[in-house]
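Please go over the structures that come below.
Two complexes follow with chain A in common, the first pairing it with chain B and the second with chain C.
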Partner chain A sequence: MKKYLPLIILAILSILPLIGLSSYAMHILILVIMWAAIGMAWNLLGGYCGQVSFGHAAYFGVGAYTSGILYYKLGISPWWGMPLSIVVVSLFSLVLGFIVLRLRGPFFALATLAMGEVMRVTTENIGWLTGGTLGILIQKRTWVSKFGYYYIILLVAAGTFFLIKKLIESKLGYYFVAIREDQDAAESLGINTTLYKTIALCLSGALTGIAGAFYTNYMGYIDPHVVFALHDISIVTIMIVMVGGVATYWGPLVGAIIMVFLAELIRTIPGLGAAHQTLFGILLIVIIIFLPNGIVGDFAKIKKIFKQEAPRNELN
Partner chain B sequence: MSLIEVINVSKHFGGLAAIKNVSFNINPGEILGLIGPNGAGKTTLFNVVNGFFPPTKGEIMFKGKRISHLQPHEICKLGIARTFQVVKPLQRMSVLDNVVASAFLRAKNKTEAIRIAQETLKFTGLYNDKEVISKGLPLGKRKKLEIARALATQPEVILLDESFAGLNHSELNESIEIIKKIKERGITIMIIEHHMKVIMAISDRIVVINYGEKIAEGTSQEIRNNPLVIEAYLGDAKSA
Partner chain C sequence: MKRLSMLMIMMFTVGILAGNLFADDTLELSIPLPLTGSQAKFGEMEKYSYIIAADEINARGGIKGKKIVLSFEDGQGKPEVSRSIVEKLIDVDKQQVIIGDYSSACSKAIAAVANERKVPYLVVTGADDAITQQNYDYVFRMNPSNAYYAAGLISFLKQVVKPVSIAILYESSDFGTSGANDMEKQALEMGMKVLVKEKYEKGAVDFKPILTRVKAEKPDVIYMVSYVMDASLLMKQLKELRIDAKLFAGGAAGFAIPEFVNNAKDAAEYVVTATLWSPQAKYPGAKEFAEKYKSKYGDYPSYHGAEAYSAIYILEDVLKRAKTWNAEDIRAAMKATDMVTAFGPIKFEDKAGYQNQNFMDTLVMQVIKGNHETIWPESYASAKYLFPIPSWRSRK
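Now for the complex of A and B:
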């Protein structure tokens, strides 16, 4: 049963649009799946390999702008940006990794945070290539209906899921986790930590970049403040994984469902809309204190809370 | 020919010379004990051999090849594994996964890595704990896990950094048995140990360092009667 769970969920998600959802509901679903894909990509680097990145907007943005620039400067369909972003973002990650992977722990986190901001400011200032703060508008959308977009992002997310699952169960996965747990010990076990951290960063970056390229096609408009946003992209990515469960296969999906729905829910409450960041912050604090491994990671603990009615003093 | 040659090695940290001009050889198949008072530079010497610190001066040769400029993972790949004095288990991994991660160094695929890991766990007496998350292991077993992990990389030389410290009597005897079995497999051992009885009993040769300098080298009998060693440990007879 557990073995087939990914396929069952994929099947359910595949037939979900066929029951005739409203355009708004489809939009929410697309966002959930896109964020799940980004969360999974972050999880590979931050969750399994232990390199906590606060700058995933950099990869998302470079992916988005790969699509955007193809259209804006070369007049090529922005859909080509999705395959091309794999190459562009991998190369970008390689360069970035050369700088930031020399650092460990909090220093790595701060360097990635700075990199995300550097990318935003740079994109704003090279207007001849990126359109500057005006951004890039895709004049003609491919589809009016959301079906096509839904299945494309579902394909991306499913591909990301199975790729990461396959990787984590292989030698690479063992090496990533070994690096997370103790870099010196990993090095002394013959693991080339620099090489494997770079692999994790490039994979994570490229997978995030594909989602970014999809975003350009789906939303039809990008500007540096949106796609390189620290709080709306980088921090939300981390929150999704933290809430759902760090280093779990399903955590990013669960986290994405909760975060996207919560954001939409709060926005509908008058006078509270702008406070959704504050509420996200409070949610994160609660999660870190009570469910440090996230909802999926601490699922056994959650089940116990609901079951635990009569016997208060259970044996440990 | 010696397996490892340490040639005139010095290691400075800023103005502090942690190791000064130390030379010795390790012969194939032997157990070489490395002793010295606290702060003598034993672990630093390990870190230099293992590649964590490049030596400030001097060379380390392994099978006639210079290794003193290599990274730790490259040195491990050549066949020198080590354990840490302050144990470094991969905390949130099970005991088996800890060893599988290191077995991947030479295993062609996951099945083989798991097979090597299981054999190693049986060899070190940890097989019954294979599913335990290593964070929850008691110290004695963590020390054994360090040895198991080093062995799973299938080394020619193993550097053991105080693998006996903090063990109780029965654990101590088990570990001594493991070391003897490792030697029977033809693996060369270099060991740091404070437990004099143990090191005297198992070492073929002993190197003594004090304040970063080699003060003696020889069999345990020679070391026991060396006045410099006695002075390093007990102080000068005149000032006592």
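Now for the complex of A and C:
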């Protein structure tokens, strides 16, 4: 049963739009799946390989701008940005990795955070290529209906999921975990830590970049403040994985459901006004305090709570 | 645990029911606005203004007998959240017309959706030129595009200040950039030298490196485009560094709202700013709206408030003329709009590369004795402009 769970969930997700969801529900679903894909990509580097990145907006943004620039400068369909972003973001990650992977722990985190910001400021200032702060507006999006977008992002997310699962269950995955647990010990066992960290970074970056390229196509408008946002992209990515469960296959999906779907639900409670942010914030704090390993990571704990409650109810 | 989830479910159900209770004799209108985040100040002012307008119309019996029921959804200044809101309004609430949001980025996200789904969208404050240059048939804009924001200020410069050089400082946003680019173009046309054109990160706390450069170049006019905090900080630091110029000028937004004077205190004195509207503007209802706003919320509204207030009146006018209240007829009625609101004349025209764009005179205000006074064009003036302005050293 457990073996087929990914396929079952994929099947459910692929027939979900056919039951006639409104375009609004589709929009939220698309965002959930997009964020799940980004979360999975982050999880590869941050969760399995232990390199906590605070700058995934850099990859997301470079991917988004790959698409955007194709359209803006060359007049090519921005969809080509999705395959092309794999190449561009991988190369970009390679260069970035050369700089930041020399650092460890908090220094790595800070360096990646800075990289995200550096990319934003750079994009703002090379206006001839990126349109600067005016951003890039795609005049006509490909489809009005959301089916196309949904299946494309579902394909990306499913691809990301199976790729990461395959990787983690291979030798490479064990190397990653070894590096996370103790880099020096891993090195003394003969693992080329620099090489494997670079591989993790490039893969994680490229997968995030594809989601970024998708974002350009889907939203039709990008500017440096939107796609290189420290809080709205980098931190949200980390929150998705933390809430869902670090180094778990399903954590990012669960996290994305909470961070996008639940946030939207709370936002639309009538009469709450601006307090929705507070309520959502409190909810996140509660999750982090009681489930430090995330919802999927601490699933056993959650099950226990319900099991303990069950007999009490019978007594009543 | 269980009780908590029960409570949550109850809350949701009550919420949904409450939403459906008043369905018949009312016109429900949800407006996306930034109510949290860095643009919340503007969102709040617009929210209050929408409410004042709706209350006035309801007091007169509503639109065709239907009372307006407003609700506001927080877009947080994020384009994808604004888009979520609008997708929901169109799909779930079946709202036939969209108005609102504040920033250019959010307005662009909404405009694209509205046009795809063929629901008319009235842009209230998004200023980036591009919004009405996309062949969007369903997007209407009541505020002039950014290229026209400084038109009044430029005529003031031409006729009164007659500068030969200018320094342009602007924040790194689409509003700041397009405002600065337009000013640069106009300045070059007037034969001015652009000595400095420098961008800064919005929310910066220290402008001294840029300002030192400005000081060395000694421009006649220092023109700045920024939101609230940056505007007052810039003026304070200009004062601290004793940088004198013939004129300090702001490009609307942060310079044109009352917070600017409150925050910058005496450094704000004599600063002129482009604006689309002022409480002294001689449009019917402008003064009444400004006074009403002040008595309720303690300060005069800026042009953002007037735009929001008038947007409801435009909607009233459009809905009165529309044959039915579905999107197509509302669009047709909106296209034929020709009215004067508290914000100014509204007419959606296709010209100069724009589509469904309102064109109007823009004003210049100057801070005189701690108040924003309209000084230009002279036919709108509430006070005589003070020029030349004294140097920092000779003030008190």
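Some observations on this one:
Simple rule for what comes next: the second predicted complex is superposed on the first by the 288 of 316 C-alpha atoms of A that agree within 3 Å, B and C clash if a C-alpha of one lies under 4 Å from a C-alpha of the other, contacts with A are read in each partner's own complex, and residues count from 1 in each chain.
Operating definition for what follows: contacts are C-beta pairs under 8 Å (C-beta built on N, C-alpha and C of every residue); 3 or more make two chains touch, one makes a residue touch a chain.
Worth saying up front: this structure is predicted, and the values here are computed from it rather than measured.
Model built by superposing both complexes on chain A: chain B and chain C fit together without a clash. In the superposition on chain A, A:6 contacts neither chain B nor chain C.
Touched residues of chain A were counted for both chain B and chain C, and C has more of them.
In the superposed model, A:132 lies in contact with chain C only, and not with chain B.
Applying the stated contact rule after C-alpha superposition, one finds that A:170 touches chain B and leaves chain C untouched. After overlaying the two complexes on the shared chain, residue contacts for A:190 are found with chain B alone; chain C is out of touch.
When the two structures are aligned on the shared chain, A:225 is found in touch with chain C, with no touch to chain B. Vectors from the Cα centre of chain A to those of chain B and chain C enclose 140° in the overlay, to the nearest 10. The least CA distance from chain B to chain C in the superposed model is 31 Å. Taken together, the two structures place no residue of chain A in contact with chain B in one case and with chain C in the other.
Residues 50, 52, 71-74, 76-77, 81-82, 84, 88-93, 97, 100-102, 104-105, 110, 113, 149-150, 153 of chain B are the ones that touch chain A when the two sit in their complex. The touching residues of chain C, counted against chain A in their complex, run 1-2, 11-12, 15, 18-19, 35-36, 40, 71-74, 76, 78-81, 83-84, 87-88, 90-92, 105, 108-109, 112, 116-117, 128, 130, 134-135, 172-174, 176-178, 199, 201.
Chain contact summary for the complex, chain A toward chain B: residues 169-171, 174-175, 177-178, 181-182, 184-193. Within the complex formed with chain C, the chain A residues making contact are 22-25, 27-28, 31, 121, 124-125, 132-135, 137, 139, 141, 144, 219-221, 223-226, 232, 264-265, 267-271, 273-274, 276-277, 305-306, 309.
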